[in-house]
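Just dropping this structure here.
By written order: A, B, C and D. Residues from 1 in each chain.
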Amino acid sequence: MIRHRALAMLKAVSTFKGGISGAFLLLLVIGALFAPWLSPYPYDQQDLGIMNQAPSLTHLFGTDEFGRDVLSRMITGARTSLSVSITAIGISVALGLVLGATCGYFGGTFDRIVMTVIDLTWSFPEILIALMLVAIIGPGLEGVVIAIAIAYLAQFTRLTRTQIMSLKSETYVEATISLGAGHAHVLFSHLLPNALAPVLVAAMLATGDAIILEATLGFFGLGAQPPTPSWGAMMSSGTAQLFIAPWVILLPGLAVALTVVFINLFGDAVIAALDVRAKFREA
Amino acid sequence: MLLDLEMLRISFGAFAPVDQVTLSVDRGEILGIVGESGSGKSLTATAIMGLLPRIGGQVAAGTIRFDGTNLVGLPERQMRRLRGGRIALITQNPMTSLDSMMRIGPQIDQAARLHLGLGRSAARAKSLELMADLRIPDPASVYDLFPHQLSGGMKQRIVIAMALAGDPELLIADEPTTALDVTVQAQIVQILVDLVRQRGLGLILITHDMGVVAQACDRVAVMYCGRVVELAEVDALFAQPRHPYTQALIRCIPRHDMARGTMSAIPGVVPSAAAQPPGCRFNPRCARVADRCRIEIPELRIGVSGNGVACHVAEAA
Amino acid sequence: MIGFTLRRLVLLLPVFFVVSLVVFFIIHLVPGDPIDNLMRAGSTPEQRLQIAAKYGLDRSLVEQYVTWMGRLLTGDLGTSIIQGRPVSALIARNLPYSLELGIAALLFSTLTGIAAGVIAASYQGTRVDDSITGFILLGSTVPSFWLGLLLILVFAVWLGWVPVSGARGWSSLILPTIAAGLGGIALVARVTRIAMIETSRQDFVTLLHAKGLPPFIIQLRHVLRHAMVPVVTILSLRIGWVLGGAVTIEYVFARPGLGSLLIRALNQRDYPLVQGCLLMLAMAVIIGALIGDIVQAAMDPRQREARA
Amino acid sequence: MNRRGFLASVSVVTLAAGLGLAGGYSARASEPEAVFALGSAEIGAPHHDPIRATLLSTVATLIYDRLIEQDVDQSYHPHLAESWENSPDGMNWTFKLRQGVRFHDGEPFNAATIAWWIPKFKGSPNEYLVDAVDRVEVVDDYTVRFVMKRAEPNLIYNLASSFMGIPSPKAYDAAGDNFGVTEAVGTGPFMFESFAVGQETVLVANEDYSWGSDLSNNKGAPHVKRLTLREIPDASTAFLELKTGGVGLLLGVPDQFLPQLQAEEMLDFRSLPGFGITYLAFNTRAEPFGDAAVRQATALAVDQGAILKSVFNGIGLEAHQFLISTLVESKIDPKLEIHHDLAKANELLDKAGWQRGDDGIRVKDGKPLKIKLTAQSETAIKRTAEIVQAQLKAIGMVVEIDIFDSTTVVDQLKKGQHQLAVRQYGWNNADILDWFFSTTNIPYPNSSGWQDEKSQELRNVAMQQSKTQDERVANFRKYQENLIGNFLFVPIHEPVQNYAFNKTMLDVPAKLRGTQLVQATAVDIKVIG
């Protein structure tokens, strides 16, 4: 199973789309990991003498309203945006797997109650759920992470549940149970590993959406606390200089768009390679 | 001849799952194509219908002559005029062959309206007549039902009605009875046979069931791994099967004089398209394999009788 | 059909109860209270108590819930603390704008998405498919507020074709519709494309081709009809989004709407208004899902009969 | 329901919505028209009823007249009250009312109006404005006397508030809850036509108007015959509307937009002195700010000049004490004002035992000098917080910023969970000192937690024992001098109010009158072309 998946990854990367997008994402992750060493300037270094300067050789992406280097802030911002969305989706997937698997495996009243609530939140606009939760939890990255995690919980719960339900009906499961295996064993050793692939692909695509959601929350002034940059926060503060320093808002926006596009392309390549029925989006 | 296939080769990229297929069928004649799944019978049918591009394949070599016209390379527009009109298809699974969201009647009407230029009411009248011909009870009310409201056998009759709606000259029935109950199977086969006899149609009956072949066909083409291994009159075939594969197939027909549990099967499996053995493709499973069979592919030699076999051993005999 | 609908409606009662609980209590988890927002330099602590008493905020939460629920059953959503107007009146004033934008965006994203999905599916695996999928993807990956500002810059400021903002007539609806709908196109197109491709693989489609029907008729009259079933499901689940999801768009384009009403109320901790808006949205979501089920059942003859 | 029916009903709804909106916006071509956008602080006013309102927009000042107007220099001018007099003991106010004033519905304005009006405040959120008034006596048709519960020199200030616009008694009582929503009747230069909450209010000129205040050049009907006031929450959008001519005038422009405004040829702007102060608020109950030396050092580390330049683009004034500069009470002993002095700040911390570590961060008793700075998510405030963060680094103080929405900030202050906060107030009266620093207002609005007998005594004198305006001024100066000496706040910036307009569309007087751009200036604005 593991080998099969590693092979699929290789296969994905070997396609054109997969290769390009994989390379971009790898660069991005490296950039985010080594942000402090890669940034030409400290991201929080203010220099009021050079506020809102256009891109130049000394500041490749220009400077912002405090004379800070936009490139450095974008590199550090990648770190914030990526870690927030990856952590959030990670939590969401973990919870969704447990919840969805339990619901799908045991069914019954518990399943019905959980799914009613899940369906309700699924149809609720993510942005409203996130805004509500951030108000409760408080601002800062933790709040945003939890808010995004819960906003996407419904998706993974549903997906896992569907997977488990269809796997459960397969004969080898009945065989395993008839051999005297416990429910937990069947669920976690047999069903969940098989249900994992589509959920992980969905998680990858959701990470893209989460980056956008993080940016949108940043637009409402929630999330990364200054001077920590995130792409969303940068765009938010950039709206005030739309005309005199458009790069402050345009570049992070572009970064978000490109990242999400590449995540999607890579996700598609992995789907193709894993031969997971692309149907999971409907689930 | 109504339909003439010569040295047909079907390719999907580098693979050629069907090769050197030569067969023919005349008006009023029933040609059976038999073989295990994967032998290329359905692909051959798809090629005749001109539907290969839909599944990513193409005719790489050979000709398909229908009433004198070579269908290979025929523009799609002209092909479409033949399809459903002069050539019609009956598919394997009646459960999935009908549009579940559309009423029965209009689905039958379609071909008549398209190919015969009938109006709505004329097409309806023709459909009702066809349904009656096919012994569908109460055609008028069935006309307004949805597919899920019918039984499997009834659905297959509808599929046959759909095929007949365009007044075809050639009918290709791709395993028309596989998904049905045994009793229903016999009825459907009988309907097809009657159609050929009454209307003078040419029928290609694709099946893996030798029993059906014996019941209905005039001539038989036996396919294995994309090639025709034996072509013969049905009586000759059963009386004197020449290819070891044909012989094995006939041995597999359950007979009532056989003891229970002694049903024989051909040992080994059909090799996949990607892993064809060199030489005769049947050689790994053949009981009478010779050294030559492992090196050289035998060609189908058709004699004056119209019968032929592709086997080094049989020819030598 | 009617029986099916009624059964579903009865099932909604416990859901409604749970929703009312969540909706009522969730706002109380948010720190701060509405009275501070009513206090201005010069007002006294006694006035604070008076206001609290006036809105029943001095009583226990359970008591407040019971009162609220009691009023709710008579159709009264209460009165906004900050705005001093009936919640139902405030919602009624904002709802048309949300509906207008929501339906326009939904139509835009659905029609474009279906068209794109159909074309992409028909040319599956070719360059046409790739470029349509790619283009739509690009549109859906841009944060909508950013896209909104960009659209304003290009079409309102530079080209001057449409007004910058506001909610006055159809011309001011164009940009918000695009900004709000672009994200949805990708979803609809994706679902349509996949459903079309899956449907095309079914036997009956092969048989339709075998009948000699022109491919576009097969795609539009048969395949698309089947592919619409999952699309309808997706759409019915987006009802909440139609009504309240355009907060950022409303903000950027200076449009009123339920989303903005809710967010403003949330920021001011206007309890009755937040509760009213949330309840509205939740009910819309539930009813949306129900309508989706019914429409889906109506579309599929098998379900139509089974549930009759 | 079948699909076709569903789609049909959907399109009917859409169509109806579209038509309804389009119908409300039929322009009459011949008349001079203008569109203003309300300032962000005014957005979301649910109605235009001044008595019940907690949030009123500029609209109210156009529909209603007040008894008294206040000018940019904080002086008071007659409007519907021609003159007024306060008895020496402060217990009786007598107002002579202007004659010949009529409401939009034709009802006369007279003493009976006032006698009806003042009691209407009972139980309203604005009751405190006339709380000191015991009763209103009608002396004759155009003379009223307010009999006071206690002396209140500040009454005149209250009467100049925008909540003191006088509605038509007849219309008010008839409309009930709908007053200010579906109709609004006053005596002002503009008449109410329509109102879409959160979107726009449309007003038309009151052609019978002839009682403009002396703050306006034009005493008669306004030049703009049809005025739409739109609500645009996003400042960028509002700016773009102005740039493209969709809006003629913005009532309130964030300072960050001024450089962009100045770059546009057809745009111009006017300013009025500010209405408030941006400052840092200490929590004296939370360490390390219990120590006056730390507070003082923090105060001295803040460079108002740099903040003015970067956050506010040089617009507005540096603030060195707590009150807006147009108030006479703000003129305190200059030696007590808070000015940037980094050396002294560091010296103070050294003396207080905060030693610099190797990383530049100060440490005392093993605890680093690390504090939380609470701020709300509004651009100017957030940016101020960011720059203060950088400035406090210079005295070895590590600052972590916490951004909350405004209500949560208030909640934090109320619970004393903050250490340092960037705050902004808008109030043009010295009694704001009482509001934020009186012991009676602990825990909120006095979130500093400041409890000091001397301070409270000075507060009591200023608030309760001032009989005349002059006495009041002197008392409040002393009160602030005491507070500032205890370093309870760090004044940062006194914003100005900016009004931007399109000079190809509107002619706006060069000098604005009044405390804000409201009625007094609105009637003087002309439409070009």
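Simple rule for what comes next: contacts are C-beta pairs under 8 Å (C-beta built on N, C-alpha and C of every residue); 3 or more make two chains touch, one makes a residue touch a chain.
On a predicted model such as this, the values are computed, not experimentally measured, just so you know.
**Q** Show me the overlap between the contact partners of chain A and those of chain D.
**A** Expected: C.
**Q** By Cα centroids, which chain is closest to the centre of the whole protein?
**A** Looking at where each chain's C-alpha mean falls, the closest to the middle is C.
**Q** Pick the pair with more C-beta contacts: C-D or A-C?
**A** C-D
**Q** For chain B versus chain D, what separation do you get between their C-alpha means, in angstrom?
**A** Those two chain centres are 87 Å apart.
**Q** Report, in whole Å, the distance between the mean C-alpha point of chain A and the mean C-alpha point of chain B.
**A** Whole-Å distance between the two chain centres: 52.
**Q** Rounded to the nearest whole Å, what is the centre-to-centre distance of chain C and chain D, using the mean of the C-alpha atoms as each centre?
**A** Comparing mean C-alpha positions, chain D is 36 Å from chain C.
**Q** Indicate the whole-number Å distance between the mean C-alpha point of chain A and the mean C-alpha point of chain C.
**A** Roughly 22 Å separates the two chain centres.
**Q** Touching two or more other chains, which residues of chain A qualify?
**A** Residues 135, 138, 220, 239, 242 of chain A touch two or more partner chains.
**Q** I need the residues of chain D touching at least two other chains; which ones are they?
**A** Residues 234, 236, 405, 408 of chain D each touch two or more of the other chains.
**Q** Taking the top-of-page definition of touch, could you list the pairs of chains it picks out?
**A** A-C, A-D, B-C, C-D
**Q** Considering the complex alone, what residue numbers of chain A touch chain C?
**A** Answer in residue numbers: 116-117, 119-120, 122-125, 127-128, 131-132, 135-136, 138, 208, 212, 215-216, 219-220, 232, 235, 239, 242, 249, 253, 256-257, 259-261, 264-265, 278-279, 281-282.
**Q** Going by the contact rule at the top, pick out the chain A residues touching chain D in the complex.
**A** The contact residues of chain A facing chain D are 44, 46, 48, 51, 65-66, 135, 138-140, 220-222, 225-227, 237, 239-244.
**Q** Under the definition above, what is the set of chain C residues touching chain B in their complex?
**A** The touching residues are 202-204, 206-214, 222, 225-226, 299-302, 305.
**Q** Show which residues of chain C lie in contact with chain A when the two form their complex.
**A** Against chain A, the touching part of chain C is residues 15, 18-19, 26, 29-31, 134, 137-138, 141-146, 149-150, 153, 187, 190-191, 194-195, 198, 230, 233-234, 237-241, 244-245, 247-248, 259, 262-263, 266-267, 281-282, 285-286, 288-289.
**Q** For chain C, which residues count as touching chain D in their complex?
**A** 30-33, 36-45, 47, 50-51, 80, 82-86, 90, 93-94, 96-97, 99-100, 103-104, 107, 149, 152-153, 156-157, 160, 163-170, 173, 251-256, 260-261, 264, 267-269, 294-295, 298-299
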